[in-house]
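Got a structure here, written out as structure tokens. Questions coming.
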């Protein structure tokens, strides 16, 4: 069957998940080991999950466009799924606007560059390094970038979607819709590449405002890509189990498994490059980033590698595992959660510092860190005091993850039911159906 | 392999060829005497190579002082050329390996020549680390073998040594991959040859007969070699980038170098493949196998990788400001406005601006435009390496150490000589081996030949399905 | 390599589709094919001939692992036991710095190992004499070959009629 029905039972489960997530999110507003941090746990959880899922939506759009531009035919049978995932950008935009509002109202202290007077010479909060970056790190750019760039991505997603739906009803042998889709896809690629880099710097990299890495945007994108692939595999297997997507065979799943493997390795390569280069030149301003994470968040650090490299590499290396649904489900769940963990590891340590909490016994991790060092002295000798929601995701964070995931799936299902699951009149359909690895 | 083909796909083999036509068209250049064009090109290449060899001899005999390198610009043309040649070599493995994994059929028209190009380019590249040592007779020191000097080990922690392992592995694996593909094609040449030629090709063909089991293992081997050659390609230029990125020099020490270098390598490699293929297809009359489709596909790769390189440049520029690190900011200011500003603009123009023309379909399919662009791009990529190496070293932390560099005739001669080496080897290759992968083109004929798909296709008259 | 003389009856086909259909007919008639030859790999042929999947990739994995352990092991021994030296303030067991060479040697061992294995198990290599049934097999002809060394003449004519029945363009006998 090619028409998706959003069943009542599915709705109930997903709504339940969303309620759970919302409750957990609200609870983190009140239950926060970091006192006086302007509810850092709540705001960082919101940021973490929003960036993670919005990024997955963005990368689905980007990859769909890349494949279209590259004349790939094998995936078109399932492209409706990626269309649905890309349209989630609008939800992401709304969630991001909440964070933007928090920025303007000084409701949160996620970003140290937003503190009053941080770039005013002579002010008690003056930070020379951040002042130098304030031409980019300011709430105007943040707002503009979020609204305009994410908005533009969403418009591309909408355009391509509408052309795709039109092709269903009025597509002909002239393949005019296909040509237009190709044009818009090619157009998105450079725009998406530049703007997504700018936004990840704003949203996540600037949390550790003294630090920087030119690799950061590529590393985050790879993380999103693996997550999107894992989600795709899980969705396809689930939908096939319900009787949909008869045209998607084990051959397609095998190929998605290969992408999961290949891009997990690619993510690892980017991770290693970033880590090793900073380790090798041993420059204190750079190494502090990893020093903090190794010292105070070792489970996050090593867990990241195990979940996103070691296990997927060993499991997916053999051809046979990419053809077993059970194994694919396991590895996809693992890497999806693993990359959510990756973004947690990118965001939380910096949030702790910005909130005035101490992270480690490192020297000078904050140029105006008098309060920080003082706090460190007060709190005693070392840094491994466990803080739920920061040192490790707590149960509430897991609940929020389930909530956002339910929201994402709910939205995707809503979009899937709007049109035929399988596109009609797409010139590559026959190739897709007969795809053989 | 008689799978359905989307109606929007265009043919990759033109002229309504049969399997026998493919054999004839591709093997005949190895059987006939070379034309005037080949002879002239060969003579020029050999003479250039000879001059290069003399310059190398001069360097070894008289010493590195015959070069323009100085303090603090210890690396200049030598390492620029090294990285340039390695980058060029990347296209071959990429076309063979990565495009195989992505099932891009168009690779079969160009992979054989591109792989050969890789091997020759790596040979040219490998020259530079050897001769820039100065005391090349001690070159064995860089290998870890039991010795009487301690025994003294090499420094496994040094990126320069990682390079030794990377380049050796890359050369070996590329050679193995290229030769594995050649064996069946050498058998084809053997079975048409007579006399001494037959004996030579019989030796080269390793006894290949075309048995089904052998083909099965051959395909499995090709697939696995492709699977490991892909990360290998990425690793080689990554390790080359580590030569710079592991340092503490602003403009060198930046985490984006690995993927940025790899994208740049693919970019320049494809440009060189285009340069060679455009000439080859004309001279050897292979336009029906290396079609405008192939050229357009390669141009798409060029616009993609050129844009990635452009994104990387702009990222570096932006982050140098963002870093707030005054030396980093100066390094980039110096690139654009310092003594070597012209090389920076050459780089930006050739690498970022010019490939954007390939967004226009008409230009992608224009052979003359592509030819000039491919040369332009390679010039631009040479400038990129020069900008990274020489301009950065010319102006690093201590102003009292600032200096200027100009190449000497010896260095120019060596560089030109490597071009001579490259083209000499390539020209010999075109006469001695099939330039296009015969067996692989035959295997895609029924799904990519113009009598089967595309406008000229005639349905029904041929056997197209076997289920 | 095969010693002694094998008499081979083989038929040549003009197209791989004809070849595949002929192999199917041979399977139906329970004829024992000696070998099939083609100028390029024909997809769909391997399952018809009952050829087991190649295990070269397993060999590749083993060789590669050998390379990994060799590289990492040797470097670890050199820098922690044999002659530890402090480089750039890094620890003796500087794992991140070991990764590039470890990776390269993994690939090198896997590639050389697999290629040598491939040529060995196929019986191919420099100096091996090819037993060519017909020069056109590496050009554009597809070949099915039967071993008729000790075969009765009525069986041989059955095979010959098989060839004519499946559209072979020529049938010949050769001793290899």
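Assorted remarks:
Order as written gives the chain letters A, B and C; numbering starts at 1 within each chain.
One rule holds in what follows: a residue touches a chain if its C-beta (ideal position, glycine included) is under 8 Å from a C-beta of that chain, and two chains touch if they have at least 3 such contacts.
All of these numbers come straight from a predicted model, not from anything done at the bench.
Of all the chains shown, the one with its CA centroid nearest the global CA centroid is B.
Set against one another, A-C and A-B show the most C-beta pairs in contact at A-B.
Spacing of subunit B relative to subunit C, judged by their CA centroids, is 29 angstrom.
A separation of 44 Å divides the Cα centre of subunit A from that of subunit C.
Note on chain placement: the centre of subunit A and the centre of subunit B lie 35 Å apart, centres being C-alpha means. In subunit B, the positions touching at least two other chains are 231, 238, 242. In subunit A, 276, 280 are the positions where the chain touches two or more neighbouring chains simultaneously.
Within subunit C, the positions touching two or more other chains are listed as 57, 88, 90, 97. Only residues 15-18, 20-21, 35-46, 49, 51, 53-54, 56-57, 60, 64, 74-75, 78-79, 82-83, 87-88, 90, 94, 97-98, 100-101, 103-105, 107-108, 110-112, 114-115, 118-119, 121-133, 135-140, 143 of subunit C touch subunit B when the two sit together in their complex.
On the side of subunit A, the complex with subunit B involves touching residues 69-71, 73, 128-129, 132-133, 136, 173, 175, 178, 186, 189-190, 193-194, 197, 201, 212-218, 258, 265, 269-270, 273-274, 276-278, 280-281, 283, 285, 427-428, 430-431, 433-434, 436.
The residues of subunit A lying in touch with subunit C in their complex are 272, 275-276, 279-280, 282, 317, 319.
Touching subunit A in their complex are the following residues of subunit B: 3-9, 101, 231, 234, 238, 242, 245-248, 253-259, 300, 304, 307-308, 311-312, 314-316, 319, 322-325, 359.
For subunit B in complex with subunit C, the residues that touch the partner chain are 1-2, 18-20, 23, 144, 150, 152-153, 155-159, 161-162, 165-166, 168-169, 172-173, 176-177, 180, 183-184, 187-188, 190-192, 202-203, 205-221, 223-225, 228-229, 231-232, 235, 238-239, 242, 439-440, 442-443, 463-466.
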